[in-house]
Amino acid sequence: MKIISKLFLVILLSGFQAFHASGAYVGIEDSETLILQTSDKKSAMDELLNVLLLRSYNTRLVILSTTTLGTAAGIVGAFLLLRKRSLMGDALAHSTLPGIAIAFIIMVSFGGSGKSLAGLIAGATLTGVLGLLIMLAIRNTTRLRDDVAMGMVLSVSFGVGLAILGVIQNMPQASAAGLESFIYGKTASMVMADFMTIMVVALVCSLAAILMFKELALLCFDDRFAVAEGFPALRLDILLLVLVTTVTVIGLQSVGLILIIAFLITPPSAARFWTEKLPTMTFLSAVIGAISGWLGASISALVPKMPAGAVIVVVASSIFLFSMLSAPKRGVVARWIRYKDLKKKVERQHVLRAAFELVEEQKNGDSIVSNYPFPLQKLLAKRTWKAPKLNRILNHEQSIGHLERRADGMLQLSESGFGEAARITRNHRLWEIYLVTHADIAPSHVDRDADMVEHILEADMVHRLEEELRNSGAWIPSPHELSTRTQAS
Amino acid sequence: MSDVLQQMSPTGDAIGEDLSFHPINVPLAVHDLTVAYHRKPVIWDVDLDIPEGKLVGVVGPNGAGKSTLLKTCLDLIPRASGEVGVYGKPYKEQRHLVGYVPQRESVDWDFPVSVLDLVAMGTYRHLGWFRRVGEKQKAAAMNALEQVGIAHLADRQISQLSGGQQQRTFLARALTQNAKLYFMDEPFAAVDAATEEAIVKILQQLNSEGKTCIVVHHDLATVARYFDWVVLLNMRVVASGPTEEVFTKTNLEKTYGGSLSLLDEAAHALSRIAR
Amino acid sequence: MNWTSFDTWIVVVGALCAVACTLPGCFLVLRKMSMMGDAISHAVLPGIAIGFLMTGARSSIPMFLGAAITGVLTAVFTQWVSKFGRVDRGAAMGIVFTTLFAVGLILIVQAADHVDLDPSCVLYGAMELTPLDTIEVLGVMIPRAAISLSIVLLLNLSLITLLFKELKLSSFDEGLSNTLGFSSNLLQYLLMSMVAVTTVAAFEAVGSIIVIAMLIVPPATALLLTRRLIPMIVIAASVGILSAILGHLSAVTVPKLFGYESTSTSGSMAAATGFLFTIAWLFNPSEGLLVKQFRNTKKINESVPVEELSS
């Protein structure tokens, strides 16, 4: 067993794919072997801690870089999401491929190894920006829409990239093995130089996004206003997408082409569920990105045959799913409950209001409505509801002590039920009057669901509405007065 | 966002679909209809009974829920409570009786179809799945185009139409649906005078055939001339009834509030009824 | 260069794939769902993997089924996430397809010991090798890929012929389609399964990058050239076939110009679609970019007739 687990550790340290691609095996430091040799004396717990606390050199590089990358992608992706251009990251990621391939050829023909990360990044950024400009040009000069422009750039530039890679594979000078990792990611074969590049570039991108926070926020929120205020929207757009391209390129190396897209989209989408504020959202998005990177890379290091990029995506998606379902305000479950509540509330209010009106009809010229009983049949006739549904609601009201079914078949509101019915009816009538007297502005103010008119409208306005209600002869005292009066009687 | 709600609550759920109390000869009966986005009600306790053979204008300020009311009747938006009966039954069972003219902006006018193709879409429901458009359907579409006065444009691509022509095309499509009850969402919005006249002619023709048209309308000055039944809507139904009874200054004030220019317009319109 | 029957078969397979893709592709573009092609071609990976693990054979019925199911699932999940979660549609698509792809990748790597299914092959394809894998049909040796792609092409063609009216209506006016009783969702799922099945038929032979390109670029090119639906489909198919021919030719010849060996045919075919798009973009007679430019300068020189202004 120990031998097997040690073998797994070897696999995780060298990385699954690196293990198979013989060339990358050299990436492991000698110190690693030392840890390995002593590791059979340690417990599984120690191994877990080793990975999670970054005790070993290689996992440290991998996990730190995916965490940093997650942070940077989270920040940049937040703006991309709000600009509704999430999939543009997808297109840009693909359009970096020709640049990578061309940079490789150029570097090789100048006698280099062709695998310098900085050189590849430069090439990738160049064609990435070119792809972006083509996308904008298609959108602005043809009838075709954004989605076509993106799909176009994505597939064609990727095709061009593959064609150039095909040339490279047939080149005698160098093996393109290292380039493959750009598409599928080869996390575990990371070396110190790559690590430093990733850290520095990610940091620069994050800082740039944070420095330009105000401008980017304005761009995402209202680009026309941004233009009117003298901000160059197009240049800001390009800046944002250059940041995206750069993050994409460094991400390619560690999580792979397809999966860096998830890094740009999923954390911000998950963060969006928890907050309405942009700074908070950006921060949360960075944190979720970081957690996905850290946890994903750690799981990949601990469990055999788990490609880091894929695990990171699954972790990020799990966080997304959790957020989508359970976030307190925007979450699906919370919204569903609220919707069901609203429906129930509307029905309840209908019943109580109808009941109050029936009671009111019997007041015979008294100035105050007294709580008389009324027959079920009358209530049923009041609206187009059917007996079973009405009964269900009545049962509920009965269970919370708002209503009594008397032995003679009549219904009687309890004291609390009467107060509640009066409050609902008063609220409703005030809103109705408000709608009629302030029809021009009312639709944007009315919130019938608010328990009290007073919670939405100013006291002065409520006062005037009450005045109107009194004049119309449908006066109901405010529940406070009402409750004191019923108590007194 | 309306879709969210739709998914969450398939229309009719918990409301019950027994519409026995809706008379069979009433084209549209709406009872206690409340529609809400998030927590905010958009339309609220709407009760309507539209008698057969009327030209109905649905009038109200922006955000009053006119389009929402139409779409809810067509089951395109779910309701929080209430019931809608089309000739005494739920809409789902009465599709063949209903024609719909959506707002012009709701479709992509760059779509590669010709005017005739678009108009023939109205016949699809009668055709059902898989069966293709034949000569009969094309003739019906041509006939409808002639009625709206743009038969000469039949082979045009729809992106080459002017706004008024687009609206006429939509109306022609509704004609081929050959329905008894029509819902039209702002057919008069931003059209030229000639188109407006053509639409009115079509409305009157439908009316003379005993059909019911429910039209969302925004121009108060023409309400009295075009419609014999008016629904004044501002989240709630302020009034619904024959134009001469309902389209009054008081009711308009209740619908639109104190907005001056609108009231002037209304006064103007009213003076015209008086004459 | 010398053209052999190998080259002919490569072009035929490419052309079959092109036409099979452009048929559903036209409707994808018209529904403003172009990116769905990219999404689905990645998202089918778990379907392929499961189908593959179950049977151990490539290009089998379970694999197609798995792909069709994951294709529909991509559409359904995307819809759910954007509806229930109120997430931007594009983002929802991105989240769903990357997740499915990741799951597929993990499945494949988990099974990698006893399975030879290289994920890179899914994207690149090895078109150059298709003529080697043949089946004898009526005494003629035909590449297996050509047969499976022909079947898929026929399937797509018959579905689109059968449901032409419904697809047209629901792509144009979703609301009316629903009120007339033609469920827009149902038709969308059907389209997605077509795309998924096509992707699978193509993936091992020609690589999914061709599918992504052929789904979108030829229909987009056609949309620049015509404003009629049937001509659009015909032009898209022709552009697809032309790209297949052009792509293979350039794969064999262009690198030689720079003194290199030949290159990946799938990549060049995708690049060729882009080339043809660019030509249509710049030079199409009615609204080509350069044509318009030319016309504008001409217009400034000539005085515009008065009637033209008033009309």
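Which chain is which? They are A, B and C, in the order written, and residues in each are numbered from 1.
Please note the rule applied: a contact is a pair of C-beta atoms (placed from the backbone, for glycine too) under 8 Å apart; a residue touches a chain by one contact, two chains touch by 3 or more.
Every value quoted in this text rests on a predicted model; they were computed, and no experiment measured them.
Taking each chain's centre as the mean of its C-alpha atoms, the one that lies farthest from the centre of subunit A is B.
Centrality by Cα centroid goes to chain A. One finds 40 Å separating the Cα centroids of subunit B and subunit C.
Averaging Cα coordinates per chain places subunit A and subunit C 30 Å apart.
With each centre defined as the average position of its C-alpha atoms, the distance from subunit A to subunit B rounds to 37 Å.
Subunit C has residues 32, 84, 86, 223 in contact with two or more other chains. For subunit B, the set of residues that touch two or more other chains comprises 4, 8, 110.
Looking at subunit A, residues 143 sit in touch with two or more other chains.
Contact residues of subunit A toward subunit C in the complex are 16, 81, 84-87, 89-90, 138, 141-145, 147-148, 150-152, 154-167, 170-171, 180, 183-184, 258-259, 261-262, 264-266, 268-269, 272-273, 305-307, 309-311, 313-314, 317, 320, 324, 330, 332. Those residues of subunit B lying in contact with subunit C across their complex are 1, 3-4, 7-8, 74-76, 95, 98, 100, 102, 106-108, 110-114, 117-118, 121, 124-125, 127, 129-133, 157, 159.
For subunit B in complex with subunit A, the residues that touch the partner chain are 4-5, 8-9, 14, 16, 18, 21, 31-32, 34, 36, 38-41, 44, 61-65, 80-81, 83, 110, 234-236, 238, 253-259. Chain contact summary for the complex, subunit C toward subunit A: residues 29, 32-35, 37-38, 42, 81, 84-88, 90-95, 98-99, 101-103, 105-106, 109-110, 112, 119-120, 123-124, 207, 209-210, 212-213, 215-217, 220, 223-224, 251, 255, 258, 260-264, 266-271, 273-274, 277, 281, 287, 289. Across the interface of their complex, subunit B is touched by residues 30, 32, 80, 83-84, 86, 162-166, 168-169, 171-173, 175-176, 178-182, 223, 226-229, 232 of subunit C.
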